[in-house]
Structures are given as C-alpha cells and as structure tokens.
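Should a chain be cited, it is by its letter among A, B and C, assigned in written order, with residues numbered from 1 in that chain.
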Amino acid sequence: MSASATPDARASAVAARRQNWRRAAYRFQQSWLSIVGLAIVVLLFVAAVAGPSLVPYPADIAGGINTATRFEAPSIAHLFGTNELGQDVFTLVIAGARISLLSGVAVVVLGALAGTIVGALAGYYGGWTDEILMRIADLKLTLPSLILAMAVAAALGAGLVNTIIAIALTWWPGYARLVRGEVIAKKEELFVQVAQALGAGTGRILRRHILPNIVSPIIVKMSLDMGFAILTVASLGFIGIGVKPPTPEWGSLLSIARNYMPDYWWTAMFPGLAIFLAVFGFNLLGDGLRDVLDPRARR
Amino acid sequence: MAFLDIRDLHLAMRTFEGEAHVLNGINLSVERGEIWGLVGETGCGKSLTGLSISRLVPSPPGRYLRGEIRFAGQDLLATPEDGMRRLRGGHIGMIFQDPTTNLNPAFRIGEQMVDVALHADAVDPAILGLAPGASRRQRRVEARRLAIAMLDKVGVPDAARRIDDYPHQFSGGMRQRVLIAMALIGKPELLIADEPTTALDVSVQAQILRLIHSLVLEYQLAVLLITHNLGVVAQLCTHVAVMYAGNIIESGPVRPVFRNPTHPYTRALMKAVPHATHRRGELQGLPGSVPNLFTPPPGCRLAPRCPVAQPRCAERVPPTIAVSPGHDVACVLATPAGSAAA
Amino acid sequence: MLRFAVRRIVLLVPVIVGLSLLIFAIARLLPGDPVTLAAGPNATQAEIADLAREFGLDQPLPVQYWHYATGLVTGDWGQSIFTRRPVLEDLKAYLPATLELVVVAMVLAIVIGIPAGLLAAVYRDRWPDYVSRVVSLGAISMPRFFLGLLLQLGLAMWLGWLPLGGRFPLTEDPPPFVTGFLTIDSLWAGDPHAFGVALAYLALPAFATCLSPLATITRMMRATTLEVLQQDYVLTERALGLSQRLIIFKYVLKNAMSSTLTVIGLYFGWLLGGTVLVETVFDWPGIGLYATKAIVTQDFMPVMGVTLTIGVLFVAVNLVVDLLYGLLNPKVRYE
C-alpha cells in the first residue's frame, strides 16, 4: 500500500483523507456538546497561557499575603472573594489552570508514552515478552490506582513533578493494552508484511508503518483521559499529598478552604467549580472526538 | 384489488450526503398462492420494499414521499404502529437472511417462540384455541405445545427436547427452520422471505427452499421471495419482478419473463448467470456501476450503463408497457402487446 | 456451569500470588526509609539497626518476600509500625465500613443506572437521552470530594438535615457486631432507631460515592443497548409483532446487561480504592482513611495490607461477574 503508491493513487488518497476530515468536522459540529467542551478547553488554555498577566492581583500567585482583606465575600473587587490569607480567590483559580493543565498533559503524555512502548513491544514480539508485560499490566489494573499514586507520591515527597510521576506510573496499563491490541491487528496487514519482506528493521516497522496507523485511538484515549488526570492531580492535592501551597493548585486550595466552611464557603466553591468545569470540558471534548475519530465506538 | 397491492411507492432515506431516493415508484400486485421473486443487485431496494410492507423501515431516516401499500384492502402507510403489530404477528410473516444473527442468543428458542405464540394468540384467539377466560399458565402451556408442533412441522428433529436449547446449539439450517417456524406460528397469509438461503450451505439451501415451497402450498400463502439468485426464482417462483436502482423495471409470470427478457437490464442479468452450456469466459455482466441515488440520472436510471441507450432515455422515466398479458417492462424500446415486433 | 466456576477459581491462585509479589516489589522499590522514620529523629544507628532486624528488613529481598508471603497465608499481615497493632486486625475493623459504603453505592448505581441507560438508548436523540447524557457526563466530571463538600455545606451545615460526618454518633452504642454493616446489624438487633441513625450517617457519603459509577453505568448501558438495538434479532422480534415493551425489557435488556456487567465489576474494585476521597471528606472510618493515614506517615505494612485486600476483592468481584456473565451468556457457559 504505502510502498508502491503511484502519484495518482497518492492524490486520490489525499482527497479521500480530506473528505474524511470534512466528514469528521461535520459530525463534530453536529454535536453542540462537543462544541461546548471545545470552548471550555480553549478557555482553559487561554487562562493557562495568559492567566498570570490577566488576573487582577498577580502578586497573590507568588504567595502574597494581605491580612487586611481576609475572608471578604465575593464583590466587584474580588469576584470570587478572598481567602484566609487575604488573597484574591479569582486570581488563584485562574492561575491554577496552568498547574492543572500542565500536570494533566504531563501525566497523560507520560502514561501514553510508557504504555505505547510496552504495548508495542508486547504486541510486536508476542510470546513470553507479551505474556510477562501484559500480566504485569493486568495486575496493575487490579490495584487501587489512587492509593498507589498516593503511596508513591508520599514516598517521593511533595511537589508538582513528583505528583506527576506518581500518577503517570499508575497510568500506563490502559495504553499498553490498547496499543498491544492495535499492533497485533496491524502486524497481520499486508503493508506491514511487505515492509518486513523488504527487510525493514523492527524499530523502523514499528515507527514508520505501525504506530502512525494507531495514532487516532491513542489520541482519543488521551483526550478522554485528560479530565480524569486533572481530577487525580486535584485529588492528591486535596488529600494533602500532592502539590502544596503556595502553588495555587485547585485541589489543595479546596483542601484548605474546607476548614473555613460554611461561613467562608466561596473559598471552597470556586476552586471546586474550576475542577469540575475543567474535567467536564475535557470529557465533553473527548466524547466528541471519540465519536468522530473512532469508527468502532460510533453508534 | 390484489391481495397485496403496492402503488407508486416512493421512499427516501436521509444520510450525511443528503436524501437518497431509494424507492422510486414501485408497483407490485401479489395474490394469495403466488410466489413472487424480487431480484436485483445489492442496494437496488428489494429489501427495503419487503421491510416497507411490514413498516419496519426506521423513520427517520426513512420517509415515504408518495404512494400506497394495500394489504387485504387496508392502507398500511396509514396504519398506526399498534395496528401494524397486529398485522405482523398474525398476517404478515417475515424471514431474514442470516439465521445466525436473527435469533436472540441469550434466550432458549422455546422462550422466544412462546412469546411469539402468545402474541399471535392475542391477535387471533383461534391460534391457541383456548376459551377467553384461560389462565396465563394454560396459555403458556398451550403456546409451548404449539411451538413444539411448529418445530416438528418445519423438520426440527426431536423438537420436544430441542425447544429448550439455545440458538448457538443449532446449525445454520436448523436455525433458519426455527425462524420459519416462528414466522408461521401466527398463520400469516403473506410471507416475506429476504434472501432466506443466502447464508446457508448449498445443500441446506435446497432443503429450506423445498420447505418453504411445501408450506406455501399448505397455507395458500402469498410470498415475496427477495433474492439475487435467478436459479431459485426459476425453480420456486410463479412470478418475478426485476429491480434496478429503486425501480421495478420488468415483471410478470416467470415463464414469459425468462423466455423473453425484454429490458436490457434483465437480459444482462440473465447472461450473468453461469450456466453449464456456457463456454469459459462467456460470463457477461454490465459495465459501470449502480447510479448514485442522491442525484439519480433523469429519465431511465439504467441509461448511463445501458448498451442500447438512446438520447430519449435520459429525458424522462420510461412508462411501463405490457409486452404480453401480465408481462410489464419499463423501457422505451419495448413494444406493447399486439403491435409489430421491434 | 460448575466446571466453568471451578476453573475460574483455580485461575485466581497465580493472580493473587502475582499481586502479592507486585505489591511487595513496589513497597521495596519506593524511596524513603520507614525504619528511620519510625525510630524517631534522635535514634542512634544501633537503634535503627535493631528496629530493622525486628521487622526483618535487614535480610535479602527474596527472604523478605518469603516471610511476607508465608505471613499472608498464616494470617500475619505484619504490624503497623506506628499503631503497633497487627494490620489484619485493623483491616477487620475498618473494612466493613468501606464495604458497606461501596455496596450501598453500587446497588444505588445499578438500580438507577441500568433503567436510565436503557431509556436513554430507547429515546435516543430525544430529550430523555439528552438529559441523561449531559447529567451523566457532568456526574463523571464531578470531583467526589467537591461533591462531598457541597453536600456537607448544603444538607448538613445550612439545612442541618443530615450529620456532617462519621459513621455513628460517638454518644451512642452501635448495634452489636454481626456483619459489620451497621444498617444490617441494627435491623438484626431489632433496633429501628439505630437503623435510622446509621442510614442518616450513610446517606451523604453513599450519594457522593454512587454518583460516578451511576453515571458510568448509565453511559455504558446506553451504548450497549444502542448496539443491541441494531442487532438483526431485534428486527426479527419486531417483525414477529412482539411489543416494544417486551422487546426492550426482556430481549434487549438481558443482552445489554451482560456487557454492562463487566463494567460494573471493574468499577466495584475501582471504587474500593476510590473511597479514600469520600472517606476523607466525611471522616468515614474505612480502609481508605486508614490507608491515607498510613501513607502520610510512610507506614508500609498497612498500605500493603490495604492494597492487597482491595486487589483480592477486585479479583473476587470480577470472578462473580464472570460467573454471572456465564449465566447471562449461554454461549460462554457451554464452551
């Protein structure tokens, strides 16, 4: 297929691909929920990139304390009120978008990377390699991932990077399974066998011929996982094992604010809503993408 | 009026690409005791014609633009779903192509057959022949007895024991027998069989066709046999209708149509059948492919592929002409009965 | 069916051995030295070595694993370094609370989720479907700890209808121990008052726990029902005149259930580990809270004990699901 494509066939393949994209875009637009999800995600990215320069009280992000304005209810000056240190909650919530997105993306990318390598090796070589790697993946799926992540994070010590590593360590088996299945299916296809017959090496076959063909299910899974990764990061923060103040992480903000309920409810409400909104946005988007990109999952 | 009468039926289907005109003016009359073969290529609309009679075309995406279907005088397109359910259970039986997927795998066949029998009895109490006050239990017992009798009738050996088996414990041919038994529990007057033997082994195909034939004689059924196998039509059917791209282009009693195929498409179809007397390499088909139904060619839909097409073919849809009594052809080249041959 | 069941159970042995090996490996590979921590900041080198010897941590890894594994079998799950109590005893005390929470939440999720998903599929692309899709996706996206806080804020703090946290009032005696489920034990003891109290304490945590499995089951049920509705046999059943209600609630339901069941099994195990958050918010004395405290103090044995317990429970629940799957799928059973 890819080895012997004439210019003509290639042009028609490009046209077909363009048609597929148009069809995908059409289907995506058909579902207004996906559009809402996309809008939320775009907003999150804007907040993550430009947030610190947009917020009204940038000094608060670095941990600035202002005891004169403690626990002020939401107002024009402080849209989301202020917290126990007199910091503007709106500022902290916007700044938290960067932490959450960064850690979410990092977890998913690391997990996908590790899982893809394991899954590709297991699927390509089969036999004992497959057996051992997949049994480990299966076993990991039976373990409580949150408790495991908590234990690893606690052992590594607090901090954003350690949190990410701890969560990513529990994240790869899903990808390993997915990639393994796809590799086994693709391995049997003609174009791969042709490449093998032409003497291409294992690494080249995997990189050039197999992996590009299984990118879309991986992307779908990554987009579906993003929300859940953000949620897990926030969970560790909430328990007090993950990111610690003054880094404005939504989960840890909520964890502190919990002590000031019900009187100063806004300190908990807005970080919580931010987590919910971020996760919801990614889930909507991921659902939409899956319907569009993964023909098997389409109803 | 005929027992089953389809007049000028137009059906459109909404899809991503637009609205496809999948049935484009179907006319068909079937009497009891007649076995009609409905033949044509995949996608020509023969299955949709069958499903339309039972009103099983999902809507949306399906939409009837024009026409009517009359069954024993009743206008089916105007019948509400409730009335259709009574017809399906008691008057119109259907059999489908693949017996491996048409039986619910999670239930014993007896369970499914009893439900069918109970429904048929609700339509016509003569099916179980019980008094109106009979208890649920009595009805179930009687329904089961009827189910076993039907299995026996369609040739499932050891029916009383096998009724408690699951579908996967039967062979393909046996499953199709079970499905036929189910379709006939309600004593229908019309049987629609959509490629009932295509998915079966050749040796089993003949058995199933013989079974259908004997049941037709016994019940005086009107039958619509949807198939793409002209050999089956020649052996089993009394009448044949050839479909192309949503139209019936030639129809009539099997003998004259097969002796004297008039429409260019019918001729091509006949030539495409492998035959013992053909020499190697003689097998012929039509060049080109089925037209796009979103923007069908104006006039005759076969024109772009037709070996004898003329400019006027593209102008308007050719009218149906009777080339001999009962033998109708929709082609501008056909000459009406009685006039000189072309 | 019996042979099918026996084979599945025998297959569990290597899984559980692998599980213990994996947990042991993870625990030993983690950085951080629990002995130094336990000995306190002023301990001398000799005292640390003594403590290490006491816990058997000075021996080679295979020997350590052998001790660990034989201990598991003989009921010695090690000691918590900090509480100095046997881990197994702690687990016996805390596990019923978690199980009660998870079982009640799962029952709620199944009882509501299966009909909700079925209806969403039947009313596909009409308002019941839209509502259930948006609500279930929202419910999946809702952080359970945030939901818990909202429930506390609204129903406990502002309205005062339900208790804020805990499992039973400290001022009252809980019903005598039979199953460890306070709701069942109170009924067993014929004490409707205690039952009401237990239920009131259970309500908010159970709701916070059930929301996301409920949403997942609804979505899964919707997807599988849509798939089943496409099957040829559904068309055949309609062609035979069977009523829509009979087709949906009998013939489609049973087929759709079997795929959804797998999800339920996976989710049950996932919930066992996931109650950590809800238990933290509601101060629910289960193994999640126990594990959290142990993790914060880097106390190995309780963490290993909890992880293993959850792993084994997960495997056991999925065994039950497998067997049920066999019941719903005659084909699987006879193979």
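Things worth noting here:
Everything below uses one rule, namely that contacts are C-beta pairs under 8 Å (C-beta built on N, C-alpha and C of every residue); 3 or more make two chains touch, one makes a residue touch a chain.
Going by UniProt, the chains are A, C = ABC transporter permease; B = ABC transporter ATP-binding protein.
Everything numeric here is computed off the predicted structure, so don't read it as measured data.
On a Cα centroid basis, the chain most remote from chain C in this structure is B. The leading chain pair by number of C-beta pairs in contact is A-C. Centre-to-centre separation of chain A and chain B, using mean CA positions: 52 Å. In this assembly, the C-alpha centroid of chain A lies 24 Å from the C-alpha centroid of chain C.
Those residues of chain C that touch chain B in the shared complex are 231-233, 235-243, 246, 250-251, 254-255, 258, 328-331, 334. Across the complex, chain B meets chain C through its residues 54, 56, 85-90, 94, 96, 98, 101-108, 112, 115-116, 119-120, 123, 166, 168-169, 179, 182-183, 186. Note for the complex: chain C touches chain A at residues 15, 18-19, 22-23, 26, 30-32, 124, 133-134, 137-138, 140-143, 145-146, 149-150, 152-153, 157-158, 223, 226-227, 269-270, 272-274, 276-277, 280-281, 288, 291-292, 295-296, 298, 303, 306-307, 310-311, 314-315.
Of all residues in chain A, those touching chain C in their complex are 33, 135-136, 139-140, 142-148, 150-152, 154-156, 227, 231, 234-235, 238-241, 251, 254, 258, 261-262, 265, 268, 272-273, 275-276, 279-280, 283-284, 287, 299.
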